[in-house]
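Same chain, two partners: chain A is paired with chain B first, then with chain C.
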Partner chain A sequence: MSIRFLKVGFRYARGLPWETEALKNINLEVRKNEILGIIGPTGSGKTTLLQLMNGIRHPSEGKVLIDDQDPAVLKGREITRLRQKVGLVFQSPEDQLFANSVYEDIAFGPKNLGVAGSELDNRVRWAMEVLDLGFEDLSRRRPQNLSGGQKRRVAIAGVLAIKPEYLVLDEPTAGLDPEGRKGLLKLIRKLREDLGMGVVMVSHRLQDIMSTCDRVVVLEKGEIRKTGTPREIMRSGQELIELGLHLPPINMVLHELKDVFPYLDTAALGPEEAAGEIDRAIRGL
Partner chain B sequence: MMNSFTFGQYIPGISLVHSLDPRTKLFFVVIMMAAIFAVNTLPGVLITALFTGIFIALTRVPLTIYFRGMRPLMVLVGITAAFQVFLIPGEVIWRWWVFSITDTGIEMGALMSYRLIMVFVLAQLLTLTTSPLQLTDGLEMVLGPLTRVGFPAHELAMIMTIALRFIPVFFEEGSKIILAQVSRGADFQGSWLKSARNLVAIMVPLFAQAFRRADDLALAMESRCYTGGEGRTQLHEITMSRTDYLVMAATAALVPFIFVLRT
Partner chain C sequence: MIEVAGVSFSYPGLESPVLHDINLEIRPGEFLALLGRNGSGKSTFTRLLNGLLVPAAGDVIVDGYNTRDSSHRLRIRQQVGLLFSNPDNQLVAGIVEEDVAFGPENLGLPAAEIRERVRWALSVVGMEEYLKYPPHMLSGGQKQRVAIAGVLALGPSYMVLDEPTSMLDPRGREEVVRTLTKLNLEQGTAIIMVTHFVEEAAAADRVVVLDRGRVLVTGSPLEVLTRIDDLADWGLEAPEIALLCHELRKRGYSHFPMALDSRQVVDTIKQFPFKD
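This part shows the complex of A and B:
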């Protein structure tokens, strides 16, 4: 069971002077029980790639299959049911909150899918619990009056409440304070570990991607430039810098030190590993 | 600009129409719109259509772009035409139950459809070939003399530019919110009642964002010391060329014809 991209291409504004090719020849598989990270410079097609994953956009070329079903040929109830498998959290999802209470906003998705009564109540409670939102404190509050980090979590809870099998997040940590960011990344790992979900996340912050994901895809100008584990990707630091991506500070230090210690491994994940690597290099091991 | 929204967009180009002074284009569009609403005979329709057609050809903007944004308008055209066709008295040529179609009705229906479509096309012609900045400058200069009697020409032009500038932004934000709510299972194809209820989920965030954006824009303008039009000079002054005067003269020459071609 997986989301598969088969030779997928996508164009915006077809037939207009500002037609742009956002994606070309994408072959990719998103598996369950895996966190996939997508990185790439601005305009490389990351968001478009995400929007193809649950069938709200259809590819101009090729096919996207969600658990072997093609959303482009489905209609009505069937497409809604297929979309329910893939929860999509847009960039700044808190901008889409609209209801008068947190409860109502989170219940919007499941209600659309026909969930009602005690099952609806359970879903909302469950989603709020997973996202560390106290039900008693917050469910009656107006979303507009919450803090930025809380709003973001309410919005994600709204998607989680439809019980998707895959969760796709576009820049989930953007604009959050360090505390909020850490909490959210922990949650993403929890979703994979406890619920066996397939998670896809896009981020500008390589640090977030490297510390959270099992596999990373590098996009450039709508094409997949590289795929690999975080460590494999970090080993090609120079390439990432050329793409205009900012390495995590610790890898930047290792990268600079490589001029002095040519055998230094720049792919360390986290400061402890990096410290060990520098220590090894200085001792000439 | 990644969206497929064309109405009110500017498409940069080097055609003759692109290079005309915005005042010339405004003059042309206003005269043509008046002409199109004034004429009510077949020769009149043909002449105004020909004149606009030549101008459209000179813009070198693909014809498909003119008609692309027209689908919503066609609903209005359809309703208007239907009213004309069924309700205007005249010689009955077809009758069924309480409905009857008259010859005058068909004529008026066709004429009204022609007028609505042409107004749309002319508005497109103006915005497709004139950058919002030029358009504002032109409008401000045309309305300039009225400032002496207290008419806020600059402010009006500024409001118009901002409105034009933000149509695509508003549209893009709207479609993003729609996508987000659709991916949460919102259904806009189903029953009418359900769609209306789901509309709230789009309108509330869309307006919240629009107000936030307006606030930001006001702050940004104030922090750059914007105080209104008085004493403001321009970096690129617009000037009329010989071609401009020629086009204006040709447009003006059309006016007597319009009176002749009315019945």
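This part shows the complex of A and C:
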């Protein structure tokens, strides 16, 4: 079971003079039990790609299949059921919190799908537990009075309460402080490890992508330039720089040492690995 | 100079004070970075500097004027400009020129001077070519630079920015930090910037760390941002480059100089042997 992109293209403003090709010939599989990272410069089509994943938008060319079903040809209740499989969390999702209590906000999604009674209560409790939101402390609080990190997690819990099998997150850590960011990345890993979900995340922070994802896709001008493990992607540092991406500072250091240590591996993930690599290079190993 | 003397503050309805007995002098022309975890009181502190909030105890004195004295409030607000993180919440007009003119127009300045100030402010932030653009056509970094120009057109001596880069992509962040550094060096405007990005704090002259409403430490970026273990206790993240130096020290390069700048680390490594 997976979300599959088959030769997908997408154009905005089709047939108008300002028609733009946002995505071209995308072939991609989003699997369960995997965290897929998407990186690319601003305007490379990352957000459009995410919106195609649960049928909010339909491709102009090719097909997107969710567990082998095509949302573009389904109607009514069937498309609702299919969309339920793919939870979409937009940028700054906390801007969309509206209810008077955390409980009501999280319950809103499943309630609209007809979930009620003890099942609804169970779902809210479960989603809060998964996202490390203490039920006793927080369920009756006003979302507006929580910290930035808590608000973000309440917003994600609202999507999780729909019980999707895939979760798609657009810049989940943007604007959070370091503790909030680390905590959220840990929870994202938990979604895969404990629940076996398929998770897709877009981030401008390469460090977050590299520390969290199993597989990474590099987008540029609407096309996939590269797919690989975080390490494989970091090894092509020069290409990433040319695409206008910002390498983590330590990889920048390794990259600039390449002219004195030609055999240096620039793909280190984190300062500890980088120091080991530099030590080896200096000792001529 | 802005003197913050024995300042405490609490919000109505909240039991514990947000700031306790803060003492700090902000010198004209300095670039100060304010760090601290969420809830440490950073945002409240920024709003005390121009009298948007008035301390519960203690005084904030801006170039000799106390923010408590409402007759000085207009003068203080002109001296201390305040900018927030989301540029979309701060742009008010349909085109860039009118947006930047909004402040000076409210000061009742003559039209020719307003035009001059707008042009000057936009050139300082490198946006003079966008005079006639609608702000929604600009990138996040460009919008934030226009918002900075809007504050600048009031001619402040101090510019206080509350997480001015948190909504921006890496390119936008770089643009804004470069603009602030330039403004500080060339115009001598003092910059007081709250940020979550330790890497950005490295551009400052002085770093202040707040935690639970108290000033924990002040010092140069190199002094403060290389205290790896303390930073974690303060809810901050050590800069990656400092962590790399720390790891190299652990591996036997015990005299490896701590640094915040990748260029400097590269140069040091290229000049080895330094293993002892």
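Please note the rule applied: the second predicted complex is superposed on the first by the 285 of 285 C-alpha atoms of A that agree within 3 Å, B and C clash if a C-alpha of one lies under 4 Å from a C-alpha of the other, contacts with A are read in each partner's own complex, and residues count from 1 in each chain.
The definition used in the following text is that contacts are C-beta pairs under 8 Å (C-beta built on N, C-alpha and C of every residue); 3 or more make two chains touch, one makes a residue touch a chain.
Every value quoted in this text rests on a predicted model; they were computed, and no experiment measured them.
Asker: Taking chain A as the common reference, can chain B and chain C both be placed on it without clashing, or not? Answer clash or fit.
Answerer: By the criteria stated at the top, chain C and chain B clash after superposition.
Asker: Is A:249 contacted by the first partner chain B, the second partner chain C, both or neither?
Answerer: Second partner only, chain C.
Asker: A:93 contacts which: chain B (first), chain C (second), both, neither?
Answerer: first
Asker: One more residue to check, A:20. First (chain B), second (chain C), both or neither?
Answerer: Touch status of A:20: first partner only.
Asker: Touching A:56 in the superposition: chain B (first), chain C (second), both, neither?
Answerer: In the superposition, A:56 touches chain B alone.
Asker: A:178 in the overlay: touching chain B, chain C, both, or neither? Say first, second, both or neither.
Answerer: second
Asker: Touching A:278 in the superposition: chain B (first), chain C (second), both, neither?
Answerer: second
Asker: Using the superposition on A, tell me which residues of chain A are in contact with chain B and, in the other complex, with chain C.
Answerer: Correct list for chain A: none, the interfaces share no residue.
Asker: State the interface residues of chain A toward chain B in the complex, per the touch definition above.
Answerer: 12-18, 20, 22, 51, 54, 56-57, 76, 80, 83-84, 87-88, 90, 93, 95-99, 108-110, 112-113, 158-159, 162
Asker: Quick check: in the complex, which residue numbers of chain C touch chain A?
Answerer: Those in contact with chain A are residues 37-39, 85, 139, 163, 166-167, 169-171, 196, 199, 235-237, 239-241, 243-244, 246-248, 250-253, 262-263, 265-266, 269-270, 272-273, 275.
Asker: Where on chain B is chain A touching in the complex?
Answerer: Contact set of chain B toward chain A: 1-4, 6, 11, 62, 64-65, 68, 176-177, 179-187, 189-190, 198, 200-205, 208-209.
Asker: Per the contact definition, I'd like the list of chain A residues that touch chain C in the complex.
Answerer: Residues in contact with chain C: 41-42, 147-149, 174-180, 204-205, 207, 244-246, 248-250, 252-253, 256-257, 260, 271-272, 274-276, 278-279, 282.
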